[in-house]
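Below, each structure is written out as structure tokens.
Below are two complexes that have subunit A in common, paired first with subunit B and then with subunit C.
The block that comes next holds the complex of A and B.
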């Protein structure tokens, strides 16, 4: 497109008081082809917008540079349609509000910002949405026909979309069908499970196709274009779907590992799952002699919250034990249940059911088991009673129930082994090696994805699929594939239903967005997608390895095979590519490189250092804005460049900047590690790893490695920003000016 | 090692006024933290409840804590499970006295004298009440007791908190006694009557 570019400077919000606008207009735009440059005291008001709209109409302006407030605000106001390029230059939060007015340094900062904006606008092209050659499907595949799976399919159907359920058992229902009763909203008493009604409504719905006794053999393709091979009762079937929901549920923790609690040793020590099945079958009796149970003891956290077994809390076992104690009370009003607990965790309104169980007269003992034994045909339990402060013995027990926790079905029993690369040192004699956690290979078979990075959703340490827990809990590390129900995290029925609804809505959103070439979260609405200049590819495989979403497959010759609809537009591939062949229409290596070059670097004798901060636009950039809103101040020598993710930082930028005389680079990104906050899961971690390698580049340039630093900033850390910048500037001062200045 | 014995809990639930409210206790300890007297108590209210569950009959009914409650209502206002802790404590005190547990004889004695005086004149006469209270154990004990409090007594007198003349009966004393008799018959609530 032929660009007709105009610059509009807003002088409101004290921008006009802080800067010499005429000088800014002249100096900020002189290096660029700009049709004209105007200022207005209230650009986002109706008069300002009138001016803008009239100019667009009359002058044929199609590229608009708005030098005003942060790009994080008023993005809806300064939206002139999909055929216009809008570039925002931050003169408010990061200049007028955080720097002293009418100072030379403040003016230079504003001019640099405007130059960078002009440079970016020059390199930006209008994105053309990706359109696949094949037709898109908007159907949803649901793997697992339990309560979460059925609810997801029903909600998909209710929203007017087609759903396909694949269930491995011969009938739908999952664990819900094995239960006697359920405790759910409003958590006052037992209620029917409602599983038959649920199954009937699924089976009667013409928009839901059900495969029972079936497994998913292979899922190939990408969101909107998935092709699913299903084996159903030995026959093969194929379905084309747009998105996938994995609701494969859970398995109880293996009680055979709980010998210290008497499981396997005494017949009358059973798990809560066995108790539920016995209750559903009829009467609750002692397995040893078939006599009716009068006194029972529930051991909570059996193998849970225990570093040797399951380190986490399954959040449902307390409620289950309270429910089963109620079964006993209903069977025999004289029955007495003891509950030996660490903490009674009845989440949310389920506390009401705890009250009911207390009213029923069940005895709650807080403490830990020291021994389970048998005397005279009856069981006894010895425990340390924390509240009494002494050891106690509970005798004459008919039954001991172990409340075991939930293990996601995705978690493998043992660490899976795969064929090792040829030169691998740790491989065993068969050439096999343990797979790494946090990869698509570390999970039980459910989806069999045809993805280079492994056949399943990458899991976290306990075997739950990785999601962005804080911000996007349904999301997984595979675009268009959503986890719901107990495979995602342990939860009870009511929550599993909510979870399924959420996942179904997400899946529908994904199919709709994909069909028009739009990105899903967290860059929802982004129409760009990565383009590969394949002629220059060296088959180094970094992009295929490093994409956190497994978007890039590989052909036999190790060429990357991008799947644009799997892409979340984080640009991590762009940062990974040593040949710099990956770019977006509105974001590329050369674009940021040119922005770096647009910054004017003063001569050494002016004693004005220049530092560039590459700032993650998801968390660090809003934190910076927040610091500006709070009128915090910092060095005027630092220039901020927002990036999609720190993972998109290509090391060439570091070399480019330093070789031009920039004194230092600060990388501001999200926290990484186990409690990562990176919107793209791996971006900030990768940036940090790559930065370790930057010292080589610096050595080549004979520069100090202190000049480049990575800092983790959360969205709430705005108050730390002046301190972080201050410290870095001090360090740069110590290191001294960059010797490449003026080259 | 103590054995859990549910029979005492059952006894309390069935026989003690408000005893079945104890079932609802979740041992959060807010009552113990709120109680201005918990430092003087051998067992905090929370501990009393857990001892009942564990079946420690002697320890509970012999506890001085149940006699020390001053009905300030802080615990009751704060209890997240809305247990009427005051009523339970008084219920337990009553029940203990009925079963010949006298963990704090003087407290029981004071309560008795207090009640008697209300019944007799319908109000409290501090001089008379303290005389009766201190001399209940004999003349020598009485003099010792009075001397121990002479300081406070003098100051109360100087601040006109104790009148020199004996208090008179209230006007409607007959009606009050009828009410108290009826209450005694109903025995619904606690109160330190012996």
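The block that comes next holds the complex of A and C.
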């Protein structure tokens, strides 16, 4: 669009006291085409806004630069409609509140900030939302027809959307259908599983299409545009859907690995799943001789919370054993159950059921099993009783039940192997290598995504495709694909149902957002998307490899094939591209590059170093604001530039800045590693990795590597900001001025 | 405010904590019209008061920042702080809700310049820090407060002090004439995400909370560990501000106890383990003892338990502490009980005792009371026969943040279904 740009400087909140406003107007805008520059003592007040609105109308202003408080505040006040570009310049938190007033350095900082704002406004275009040529689908594919899958489909339908269930068994129901009874809220007594009603509601709902004895052969496309190939009873079918829910459930931990607990050795040692099936089929008896069960012992955490088996807790086994002890009691009031446990984990209101089980006379032994044996046709269990501090032997047992845990169906039995890259030193003689655990290759076949980065949802530890984020439990690394129920983490039925409803919400939301070209979390609402200037692509594959969301496929010549509706707008691809061919309408390599160039670099003899900090806009930038609110102070020689994600940093910025005489660059981003905090998963990690490559640039320029540093900073680490900046400035001082100044 | 337009296609979310924010955002981002009401002067609820989350030990403000950003740019959400629900009448698809807004005495002109705080001389116990320090009676609730706006305590509104603040404000943002306002909303569905209160620890008399200064609760420790807390993040003894060498955590302080809360609050084990890491990070020589009945670290959270157990300075002792006595001179606390593992009598001294108190759900207390059902503990239950009002988060069951968010996401869809049925 043809820009008609105006600058408004607010002089309130101490800004006017800290700066020479006339000089700021002059110096901060002289390099740019600006229709006018005005100031006002209270820009966000009604008088200030009246002035703004009148001017915009009268002068036909479409690009407004507000030099005032942080972009984090008054966002609603300085919103002049979707057809106007608004650029905010921080003169308050990061200038007036954190620098001494009326100092030359403070003034220079404000002028640089304004220049950067003007430059950014010049290079910003209004985003035009992506619209695919094909029609979008808002239907939801649910893979798995157990309790989570059925609930997800039903809740999708109840909200007025269509759902498709693909279930591999010949009947819906999953594990729920194998159960005799359920124990759930309010946890007072056993209740019916309700599985038949649930199956009926699904089958009777005209908005739900059910494929049983079916598997998903292939999912291609992207949110709103998925094409799903299904094999159903040997026949091929195809469905077009907008989003996907993976509710493929769990399998019991293989009890054959628990020989030390007597499984496989003694017929009357069974798993909790076998116990449930037996109960559901009718009577619980001794498998060895079909006789009645009077005394039973439940071994909790059989293979769970055990570093040799499943290190995690399967969450449900305590309640399941208490439930099964109740079956025995109902069958024979004289029956006695022992529960050998590490901790009884009946959280929330489920504690009531534990209390009931204790009142029922069941015996709870805290300790660990040391032996399971048979004597005279009856089983015995030896255990170290922690509470008595001695060995105990429980004899005359009819049945021993192993409370085995849940393994997500997504977890492969063995680590899959793929063809290794040519120079891979860990490759075996066939040139194969184990896939990375958190990649889309480390999983069992469920979705068969046609994605460059693997056919399945990337999983976390132990093979759960769960979210890594506490605040955002539905965050997955494949846009529009959500895991629900026990495949994502062990959970009881009540929670699996809630989880499925939540996943349906996210899936529906994704289709709605996609249809209007809007990004989903964490940049929900963003209408921009990356555009590729393919003429200059060198097929280096960096964008396709580094995209944390698998948004970019590749053709056989390694050309990137972007899928805009899979994109989360993090701009990591933009940072990865050595040819700088990827850009957004409102965020690009040249835009930030030009902002860097807008900073005036004083001559060496002025002894005023210049440092640029590229900061994560979600965490580091607010932390800087907080430091300002707390009136902390730091060096006036540093300039902050917010970036979408540190992963969007293109190394050309570093090279450009240094070759212009900038003395140092600080990258302020989120924690990476196992407990990473980057909301784009890999962004801060990639920034750090790319920095390794900076040394080449520095060597080429014959500059010291100390000039560029990455620091991890969380949003609440603002107390550390003055220290971090102070240390870096000291280091820069030690290294001395950049010799490229004035070139 | 009274001119706010809603219809029976709108959703009301009550409570601006993590659950409420989530329910509101998830529905709004799917295109639905949402009104969110929160009784505090800021959104964020209890998570805003937390130092870190378990098991990642990351700051809650990070996720809140993203959520607030989602809220800023979404015109489908309108929110009100200092707002409470007074009445709910009607049925699924057609509710009339009465909202009360308490006076903030600070209007939208507030720029957060801080002049009112500078001149104000009246101090009050800081509610954000559970009264462990003082704030001025004209104040910003905390640095991350959203919306970023000051608030004035009603106690000075009609006084000279209030006038002083008023006169100090260059922007005319202090309005001493503000009064309580009321307005009605028409909505089609309600998500009740009013959160929880910590169980009143003083009711567990034998632990001496309220009497012994160095007996604090888990929620208080979060504030002590936060940089924006009363001690700038240093964990110090309340009695004398000294550093600590021995700290005890008492699990199930009032929970799993038929005299108090018969249920398990679900999160306290992990919260204490997390807090033990705060202490250990600040004090490399400090010994931490955790007295527990069962350690309940479900699913992959077990890994966090495993990690904490690796710290030699953190000891887990299976015991129900029966009594605490204070040495009046030193402020040291003597814990007595039985070690259930060894049978030995425990008599141990600690510098600081943290009570892992549980969660009490915030109920719907309006007249007439709407058609919802609760269990005996006051947790909202879901009854398909009584659709239209849906609980989300800790009003349904005591649970952690991730589960609350899942639950709130589910509640958003339930609310949409109630609208879609119309």
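The definition used in the following text is that the second predicted complex is superposed on the first by the 726 of 743 C-alpha atoms of A that agree within 3 Å, B and C clash if a C-alpha of one lies under 4 Å from a C-alpha of the other, contacts with A are read in each partner's own complex, and residues count from 1 in each chain.
Here is the rule we go by: a residue touches a chain if its C-beta (ideal position, glycine included) is under 8 Å from a C-beta of that chain, and two chains touch if they have at least 3 such contacts.
Note that the structure is a prediction, hence the values are computed from the model and not measured.
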(request) Following the overlay on subunit A, give me a clash-or-fit verdict for subunit B and subunit C. (result) clash
(request) Could you tell me if A:355 is touching subunit B, subunit C, both of them or neither one (first, second, both, neither)? (result) both
(request) In the overlay, answer first, second, both or neither for which of subunit B and subunit C A:363 touches. (result) first
(message) Per the contact definition in the header, classify A:505: touching subunit B only (first), subunit C only (second), both, or neither.
(response) second
(request) Compare subunit B and subunit C by how many residues of subunit A each one touches, and report the one with more. (result) C
(message) Looking at A:387 after the superposition, I want to know if it touches subunit B, subunit C, both of them or none. Which is it: first, second, both, neither?
(response) both
(request) Figure out whether A:395 sits in contact with subunit B (first) or subunit C (second), or with both, or with neither. (result) first
(message) After the superposition on A, what does A:618 contact: first (subunit B), second (subunit C), both or neither?
(response) second
(message) If we overlay the two complexes on their shared chain A, which of subunit B and subunit C does A:344 touch? Say first, second, both or neither.
(response) both
(message) Let me test your reading of the model: by the given contact rule, A:679 touches which partner, first (subunit B), second (subunit C), both or neither?
(response) second
(request) Quick one: classify A:336 as touching subunit B (first), subunit C (second), both or neither. (result) first
(message) Identify the residues of subunit A that lie in both the subunit B contact region and the subunit C contact region.
(response) 344, 355, 366, 387
(request) Under the touch definition given earlier, write down the residues of subunit A that touch subunit B in their complex. (result) 336, 338, 344, 354-355, 358-359, 361, 363-366, 382, 385, 387-388, 390-395
(request) Spell out the part of subunit B that touches subunit A in their complex, as residue ranges. (result) 1-4, 6, 9, 13, 23-27, 46-47, 50-51, 53-54, 81
(request) Provide the residue numbers of subunit A that touch subunit C in the complex, in ascending order. (result) 12-14, 42, 44-46, 69, 72-73, 75-76, 155, 158-160, 185-186, 305, 311-315, 343-352, 355, 366, 386-387, 389, 460-462, 464, 466-467, 469-474, 489-491, 495, 498-506, 508-509, 512-513, 520-522, 524-525, 618-619, 622, 626, 629-630, 670-671, 675, 677, 679, 714-716, 718-719
(message) Please output the residues of subunit C touching subunit A within their complex, sorted ascending.
(response) 18, 25-26, 29-31, 51, 53, 56-67, 69-70, 72-74, 109, 111-113, 143-144, 148, 170-172, 226-228, 232-233, 256, 262-266, 294-303, 306, 318, 340-343, 375-377, 379, 381-382, 397-403, 405-410, 412-414, 416-417, 420-421
